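What follows is a pair of complexes built around chain A, which joins chain B in one and chain C in the other.
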Partner chain A sequence: MNKGVAITGMGIISAIGNNVAENYASLISGKKGISKIFQIETVHKDEIMVGEISDTNPVLEKRLDVSENQWSRTVLIGCLAAEEALKNAVITKINDVRTGLISGTTVGGMDKSEQYFYDYFEHPEVRQHITGLHAGDSTKKIAKHLGLEESFVTTISTACSSAANAIMLGARMIKSGQLDRVIVGGTDCLSKFTINGFKTLLILSDTYSAPFDDNRKGLNLGEAAAFLVLESDEMVKKENKKVLAYVKGYGNANDAYHQTASSEHGDGAVLAMEKALKVAGMQSSDIDYVNAHGTATPNNDLSEGRALIRLFDEKVPEFSSTKAFTGHTLAAAGGVEAVYSVLALQNNIMFPNLNYKTQMKEFDLTPITQVTKKPLRNVLSNSFGFGGNCSTLIFSKEA
Partner chain B sequence: MKKSVYINSVGSVSAQKTFDNSHFLEDIFNHNDTVLSIIAPDYREYIPPAAARRMAKGIKMSTVSAKTAMTEAALEENEIDAIIVGTGLGCIGDSEKFVIDIIDNDEQFLTPTRFIQSSHNTVAGQIALGMGCKGHNFTYVHSVISFESAVLDAKMQLENDEANHILVGGVDELVDHHVDTHRLIGHIKQEAVETMAVLSSGTQGAVFSEGAHFFVLSNEKRPSCYAELLAVETYNTLSQDEVSEKVALFLSKNKFTLDTVDVVILGNNGDVEFDGYYNELAKGIFKNTCQAYFKHLSGEFDTASGFGFWLANQILKHQYVPKAVRLNSVETTSPKTILIYNQYRGENHSLTLLRKC
Partner chain C sequence: MNKNNHIKSYCHINEGIVSLNGKAVYENISPDFASFIKSAYHHFETDYSKFFKMDNLSKLAFMAAEVLLQEKSSPEQERNMAIVLSNRASSLDTDRKYQESIADENNFYPSPAVFVYTLPNICIGEISIRHKLHSENSFFIFDAFNADYIKEYSDSLLDTEKADEVLCGWVDFDEGRYEAFLYIVSHQGSHLHTKEEITRLYLT
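Let's turn to the complex of A and B:
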């Protein structure tokens, strides 16, 4: 097998918890974070359910000790998750070795841009948000908050696979010796922009989303930020670091089928999973559990299910989508599910696919619906996005 | 053993007439404005009119630029292993219109097209779709190092032989609300300035523009080869008094010295507040080096450094530095090594090193 890249820290904030421990507690107690939206004033509030982080911006600002209304919510939650990841990795001097930050986001500062779009002209006091529209601005602010200087800091935006791709780039940079340490993941807050965008695509569910269920009605949008700290073997050895798990495989492919829909048989997904297995030096039979993309849209779950059957040659291992807990957190999803994959490995536990009742007509696939114990060695996590973007990560206990 | 990385072709659509690779800045278009639009090619020569009508400006520019690069490299579409794009704001025009529709129509009567195109990775996705390229497809969106991030990603894959040919590009389009709001905060110059007088404007802010630059990067040299890509590094922060030291360190890491740089290309945009970074190098360690600049021609935008990269490649291929981009009077007869330094408003610095192939 090929060598993996060590994960030494992780941090998360989502609708099911403000940190890793709270997220884990919700996952194993089946506590979902889906509700009616209460922090965004939208005409659709009675027609949709979302995974909203409970704290309001003023509360988040207080936790971070930053001034009022200077940052997008994407930045606020990103800072909290990245801070937790660094703390978990016991990093106090961030600039003492070559450290990078790679964040995935699609929304960036859109929450503020849409709020003040016309106000900028009459209200100088909100003009701090003008440059916040740049997706990269959120990453810049997180880097500054963490005190990262003269470093490699970049942003990836490949729609809903952004954070997975950030993790992939980070792992590649560590492997190729360009960085000693890198903070990777993603952050996206809820916005009217995404709510209305997905609404026009007719893929928002008006109730709790039910991934891989025959009667699934679409997705619940969510908001979250999640980051991992990846470190080189030299760093792990030098600082005697505790390794949580390894990024063992990664693959990105393009479906090259349609701008927003997945191909009928999941060609891009199969390619991404095959690439990840190849990088990991594994066979599909080495995978013990799949954290599926599973958005609960008719198109995704059919395409992904078929891709799983193709890859695993009918012997699909236990799988589930955790999006019924958190909602689809867009760019952050790959980061959120990376944290959940590591938690699965650490605890030898697979998380339930909530709200599942009826098997899909098209194939014989049933996700796990209960918290299930199983010795896990390797977990595969999928993230797919607009633009045909398909990404797969494989997390392992052993290097 | 790491493989060498070559830039085998270039494609550009910019505020100058750069879309035709048979010319190299022979005629300069003299703008006199604070915001520059691209000099558009005849899109009908590249894109079926029915398709072009539905396309955002950024996609159209990118399609032309990418096709130019593909044609010049003489590669079949199925030989491209990956597509990597840098863009500060993606198809911002569609995002802007979607926001306007949401606000003005109180979230009703919306259609999905604008939302779909507003995704930052629309350009990379559309090119992949058009070419049927199922390989690695990334989009970087980090201000003025968006393009450099894409180059760095490609370089890593080519060096490690994970890919043989990669289409790498940078694109940004200019739209009204973005311009209007950036005027409010002084990031755009208040008074029009002539192209050749941008650096002596003595005012704050930059002249904004747009453009698309695509290149085929490979780990084998093709007959069309422009240059070898030696190194690229980016830094999120850097103070003005550390720039010279950082450049020297970057060169020494790559086994070069200051004297072995034949041409240094600087990203001056005529903003008196931030050009000091460039002046530091121009008046200091590169005082005796042939200096070039380009943002008076290209204007400033997140992926303007794509124009700088294009310029470096053209200089190495044509073996001369056009008069319109000369920053000082130091001559160079046969340029072999070029260093590009870029930053915007004191942030997101990048160094790129190229060598004649």
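Let's turn to the complex of A and C:
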């Protein structure tokens, strides 16, 4: 049982574009999506910068043709990205084979739950946002919107590695023959809950985030949804599917260090990357480009940089963090960066690590800062979550 | 179905008694959990200041793991021990405390130190950090101790070589009542790893 896992479709909506093509155009033109927040009324609005999707909820609702103010923004953007992924994979009959949906989210319906927090008692008409809070509710709504019936539908909530873990679970289920096809990724909208939470942890930057820069001040939060369609070898053969890339490796490890911080030398990150290489049957020298987690917090970038040096034995390949474009989209980040990794493979292009100026004192690592062409075979993508939940995915051109 | 897995050792903590493999190793009939668990911490000469920052559920799980994992593994030989825990009340005890701290619109303080414990699996994190376990872990919520489910789950971890040993069991804290039953499943041990034997030891 060691089957290939083909990526046959992808979809995304983020601060730098409403679909894959727009995201790619922004990535290669260096157009970042970071600005002052305008859709959430927050006391922190003058102290933070975020990666906000430009369309308002009414606009998103219209695009999806759904009723007003019933769904969380997490569901709205999740539906749009998943729809694009299915369309891209040319899937019209979603129930003709065993098709699953695995979605990562941390926020779920929190945006709406908090908005109406003081209204539930007197206004029964907004109580749908109480049951909408649950992370799993967002996935169920997306599944229903896509028309999935009697399918494997589940939600993964492991902080910032959620979507990466969703992709990993989906790949494993394709490999073991439990599913023929699976939609995997994640969705998270901005909410006061995450803004205030990260503000409390003192890791929000008041300006554009600068991953791997010595003077980095923290992260910009972002919102996004991104999904891949994974299909088995049999499906690809049977339907003569166009394959965008393959999920070759995956690994998850427990950092066992701290409830919110990463270990000083990136122990969990090294373990996750080692496991992913082992699953892929590769050496570290097979990796041509790393899409780093690179949140631009002092702790992450130091820990991840040290982990990269340990894994690659000082010969670290070209790497960059794309979070300065999109903001850190939390549970969706692994999905967003999976889409970017596939785009990198398809176009033999590595995306710039924006806002980088000064090398970090602790080591001799410089991310790529320009759009750079290079023949790419294998791209490694990291996603590390609070609680030491470290995940790595490896995407390849060849099966 | 692998018949080769065994229960190596087990630990109970409830009603002021800590027992290891069915024998009481510490007793203190304190009226409240806080003073009981603190005295147990001192009795077992635990030297770990982070203990005092933990919530009740984590303190309970942590102490049961301390009693079971006394023999320290050498640092260069890291043990691959998975952790699979379960309970009924999730993290409700801390959830309530946190809710109280933010209930008053005019006087609230959402403490990050409390907030971090508003998930039941944080107690697994505390054990992982203490014993340097970079391993597989999961936390399940059931109405009552579910020997069958935990058995299947830990057998699967061992049989697929995801782990060499599994620290598993039940750790529940709700409205002052507490109960821990943790045990180690391994390839070797003195008790068979069957649903009946787990249930028998749980009720011991």
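The rule is short, and it goes like this: the second predicted complex is superposed on the first by the 395 of 399 C-alpha atoms of A that agree within 3 Å, B and C clash if a C-alpha of one lies under 4 Å from a C-alpha of the other, contacts with A are read in each partner's own complex, and residues count from 1 in each chain.
We adopt the following convention: contacts are C-beta pairs under 8 Å (C-beta built on N, C-alpha and C of every residue); 3 or more make two chains touch, one makes a residue touch a chain.
Fair warning: this is a prediction, and the values are worked out from it, not measured in the lab.
Peer 1: Chain A superposed: clash or fit between chain B and chain C?
Peer 2: Partners clash after overlay.
Peer 1: So in the superposed three-chain picture, is A:387 touching just chain B, just chain C, both, or none of them (first/second/both/neither)?
Peer 2: both
Peer 1: I'd like to know which partner A:176 touches here: chain B for first, chain C for second, both or neither.
Peer 2: First partner only, chain B.
Peer 1: Could you tell me if A:260 is touching chain B, chain C, both of them or neither one (first, second, both, neither)?
Peer 2: After superposition on chain A, A:260 lies in contact with both partners, chain B and chain C.
Peer 1: In the three-chain superposition, say which chain, chain B or chain C, touches more residues of chain A.
Peer 2: B
Peer 1: Given the touch rule stated above, what does A:30 touch, chain B (first), chain C (second), both, or neither?
Peer 2: A:30 contacts neither chain B nor chain C.
Peer 1: In the superposed arrangement, which partner chain does A:113 touch: chain B (first), chain C (second), both, or neither?
Peer 2: first
Peer 1: A:201 contacts which: chain B (first), chain C (second), both, neither?
Peer 2: Both: A:201 reaches chain B and chain C.
Peer 1: For the superposed three-chain model, which listed region of chain B (26-34, 44-52, 188-196 or 242-250) is the one that clashes with chain C?
Peer 2: 44-52
Peer 1: Going by the contact definition given at the top, which residues of chain A touch chain B in one complex and chain C in the other?
Peer 2: Dual-contact residues (chain A): 196-197, 200-201, 253-260, 267-268, 271, 387-388.
Peer 1: Chain A touches which residues of chain C in the complex?
Peer 2: Of all residues in chain C, those touching chain A are 110, 112, 115-116, 121-122, 125, 128-129, 132-137.
Peer 1: Quick check on the complex: what are the chain B residues that touch chain A?
Peer 2: Residues 83, 88-90, 95, 98-100, 102-103, 106-108, 110-112, 115-122, 124-126, 128-129, 131-143, 145-146, 149, 153, 156, 159-160, 177-178, 180-182, 184-185, 187, 233-238, 242, 246, 302, 347-348 of chain B touch chain A in their complex.
Peer 1: Which residues, counting only chain A, touch chain B once they are in their complex?
Peer 2: Going by the criterion above, the answer is residues 42-44, 101, 105-106, 108, 110, 113-114, 117-118, 120-121, 124, 127, 130-131, 133-137, 139-140, 143-144, 148-159, 165, 169, 172-173, 176, 178, 192-193, 196-201, 252-260, 267-268, 271, 385-389.
Peer 1: Hey, which residues of chain A end up touching chain C in the complex?
Peer 2: Its residues touching chain C are 196-197, 200-201, 253-260, 267-268, 271, 387-388.
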